[in-house]
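Shared between the two complexes below is subunit A, which pairs with subunit B and subunit C, respectively.
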Partner chain A sequence: MPEPAPEPTCETAPETTPEPALELRGITAGYDRREPVLREVSLTVGDGEAVGLLGPSGCGKSTLARVAALLHRPQAGTVRLAGRPAHGFHHRAPRELRTTVGVVFQQPRLAADPRLTLADLIAEPLRATGRRAEVRVRLPALAASVGLGGDLLARRPHEVSDGQLQRACLARALVLRPRLLVCDEMTAMLDASTTAALVAAVEEYRREHGTALLAVGHDRVLLERWCDRTVEFKTLLPR
Partner chain B sequence: MTARLSVRELSVRFPLRGGRTVAAVTDVSFDLAPGECLALVGESGCGKSVLASALLGLLPGNARVRGAARLDGLDLLTAGEAVLARRVRGRRIALVPQSPASHLTPVRTVRSQLEETVRELTGARGPKLRGEAERAAERAAFPAGHLDRYPHQLSGGLAQRAATALALVGGAPLLIADEPTTGLDRDLVDRTVDELRRQVDAGHGLLLITHDLAAAERIADRVAVMYAGRVVELTGAAGFFGTPGPRHPYARGLLEALPERSFTPVPGMPPELDALPGGCAFAPRCDRATGACAAVPALTGARAGAVACHHAHSHAPEAADA
Partner chain C sequence: MTAPAQAPAEAPGKVPVPASASRRGPGRPSGARAWRTRASAALTAATVLAALLVPVVFPLDQQAVDLTAKLQPPSWEHPFGTDELGRDLLLRCVHGLRVSLLVGVVAALAATVVGIAVGGLAGALGGRTDRLVMRVVDVFASVPHLLLGIFIVAMFRPGVWPVIASVGITHWLSTARIVRAETHSLRNRPYVDAAISGGASRWRVAVRHLLPGVLPQAGLAAVLMVPHAIWHESALSFLGLGIPAHQASLGTMTEAARGSLLAGAWWPTLWPGLFIIVPTLAIAGLAGAWRERINPRVRSELTL
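== the complex of A and B ==
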């Protein structure tokens, strides 16, 4: 295929050319060195792009999501977030990199600290990164954008439904304005209406902030409707 | 196996501190015949699982229950714990649980858990016990090669099948499946519900509690839509999912939220069950609401299709066949 000649650098170019939000190169990862779940997997999510990753239960797609979110250290391969290579994972991930990616998990009951109110749950990343002052400014608007009204924010997880708690988890994942949002089966526990509402909230936020999305799931109809493109997990594995 | 479940005006209330009350289930009535699958669908937090717990006598101690739920003459709501434990659970009503990973004991293998259940429910001992447990696994399509694994060594789908195998051991005529497909991928959902459907075709009654409308469409004979603790529509599954479609505005909205359809959520959120609005609980979210909705609409209509709405979508009479 003939490649178009690269454009000469334009004088009015923005200060940075947009790097892909996520670049996974040759990732080998798993829980047993002899039997890795992922073997030399590569995947790119462009700046502001929404990619749906499809695969059956147990295929390794959640492991890939965890690697992308710097929560699981791969045995080999490189992870770049917004162009910057990741050197540490999990609690060793450097803060400035960790804050470029937000994650929403499948089960809000397991993800959310049961002792925190929804307001504290959402605000915790701001407090943990020394941005306490932004809480009062950002929290009400962000909570409203995921559909959480004032009274709900004062409640704790056991006092709200799964759908409401997942809305709070989504707001928490977005509160640091990540470049990439990773949704690992975000709506698998939820009913059709709550699913549509959460997806609409993500899309509304992405339109405003240009956040890229890696949505992992098994619901083809949902991910095709939601994302710019979908990738079959099995096509990422070596033949 | 002639279990007919008959639920009449079942209500469940949880008193809270400060005098408030959670109205989890309100005036729910339905029948479930042998060889029939009734799907109970609705948004999370609408009271579906509380209803299941009420039928199994598994409500927490502070629950206040009214109404009746009879299974072949035995009132499940007034039966004592001894009766429920020795004669009902596992033997006449079996539960296929929502979250098999937490339902199974993590410290014992699937074989050990199956054998215990077989021993308790059938009295089998010795070599017969081993064979019965293996047959139970086979009935739920649980692979024999995985019987000696611990729950954490199973995928979500296999854990679900292990839980289903446990539920089927006692040959209970009534099965209650509480969100049996949550978190499973589509292939596994299909296999899980097809397995449940096989049990229905073998004469079991199945109450399928789910928010997965595709799963309900696949195996249900009838559908009950629950909203804010009440059944707002109870009708045949074919007409509900196909033509002429649901009659209640909420049921229509729920179907339209599917990504296969318009992918638009029902506006707003369900009301809090401890602060239900007077009148129709759906009125604040409903585009058909009028002054009439200040009165709670009764569930009216034939068994073939009942709806609780003052402004239900009407069906052309010729389209309302079974």
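== the complex of A and C ==
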């Protein structure tokens, strides 16, 4: 495994705060004026812990993942990321807080801007946060760690397979070294061997950086083997 | 054993395919449509070249009055004939086309910029801003735009720029609607969420992720708007509100030719009329071909 060794940048992990990476308290969330999908849900993901969230489709797993990533504003409840409360969501969340969570979505085709090459796709968060200089240092190592060869990086999304694109999306989620990685059905569209490779890449990265994980899915076997503990969605609901 | 002889003709499982469809792939336009596209392209090119080159290559005075040669029918000396003041109609038509094309292109560009700005803002911000802006658009759209255009040019001295402003101000509405709808669908894509999660600012999301997705549709709308703008220029000039009467434009020429028509001279009306119709149809034909390219469903629906 090629190690991203020549990196003088400070790591976020060493301070090892006892604060949990993610703390959701009494989250009620839904869409428009319809009946809320989540009702007073609470969930804690400890620092460096891997939590699997299981549940049938339509139960609100993805909504919960989006709330955790500060991409959906709940109607009630509090979200704390590494101990810091979130007061805004989407663009209203402060940039430092947004970037403490990396997200991987279910469908890589929709999660990748069709006009960017995979290299630009992965480097996009670095450029967006004004860390352009790090692109050349970080990109090759990170791409290699998710299993993307040099030739693939110059291609655009329509020229690669779903699995390769999802690897790029994973790299994009990790490029800012988040404290928490949210995988929303990351492997649902992929075959078994690609799934195994992606999970291995995530685990490799987590072992190195101590990133916490919230993996959402309905593949019980996978999540139970992957995560430290799994949570059944219905147990989060009151009564 | 005579029966098997005809069997290959209707082999089982073979769907009869029309000859035209089998010859050309699904992505290739069929013969008539390709011909139309080529004709449109050729005519558009000829129009643009004529408007750009003729005044440079033949620096003749299009305003030169020759009362001894007034209302001459088409001849070798004056291929399109002369008007009621003895001015050469071919030369004036080309100069008029120049003005009309200038107005058409600049007005369409201005309207497109305004449309992208307004539609993009409404689509990207959503919520209350979106509703408010789109109601304003509806109000503008409820007024017949020629009427609004007349109102705007009437406030200024006749000239090219009031006409451009008038067409630009009245024609951004459809572009704004298109851009707003497109932005709305793009901004809820997961890749926009991923960008936000990666720390991208609103501005960066708008410029990097939303605008490039909107530009093809907006560009098409802009090209489709050019013929429309030319018609508006001609209509306003015909009514005496657009380009000043002495300056050659397709609208002022048609207007000036009305008197000659009663005197039995058909040519001062015919040529400017053709110069309005042919280039605008050619540009619209090109835009139609482009639309079929970026939105193949339109083509398949037309073929059905």
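Heads up, the rule we're going with is that the second predicted complex is superposed on the first by the 219 of 239 C-alpha atoms of A that agree within 3 Å, B and C clash if a C-alpha of one lies under 4 Å from a C-alpha of the other, contacts with A are read in each partner's own complex, and residues count from 1 in each chain.
In this section, a contact is a pair of C-beta atoms (placed from the backbone, for glycine too) under 8 Å apart; a residue touches a chain by one contact, two chains touch by 3 or more.
Please read these numbers as outputs of a predicted model, since none were measured by experiment.
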Touching partner for A:A133 - first (subunit B), second (subunit C), both, neither: neither
First, second, both or neither for A:C169, with subunit B first and subunit C second: second
Subunit B versus subunit C as contact partner of A:S193, first or second or both or neither: first
First (subunit B), second (subunit C), both or neither touched by A:S57: first
Touched partner set for A:A141, first subunit B, second subunit C, both or neither: neither
First (subunit B), second (subunit C), both or neither touched by A:R225: first
Set intersection of subunit A contacts, subunit C complex versus subunit B complex: 107
Subunit A-touching residues of subunit B, taken from the complex the two chains share: 41-45, 155-157, 182-188, 211, 213, 253-255, 257-260, 263-266, 269-270
List of subunit A residues in touch with subunit C within their complex: 66, 69-71, 90-91, 95, 98-99, 101-103, 105, 107, 110-113, 115, 124-125, 128-129, 169, 172-173, 175-176
List of subunit A residues in touch with subunit B within their complex: 55-58, 106-107, 147, 161-164, 185, 188-197, 199-200, 218-222, 224-226
Touching residues on subunit C, where the partner in the complex is subunit A: 189-191, 193-202, 204-205, 208-209, 212
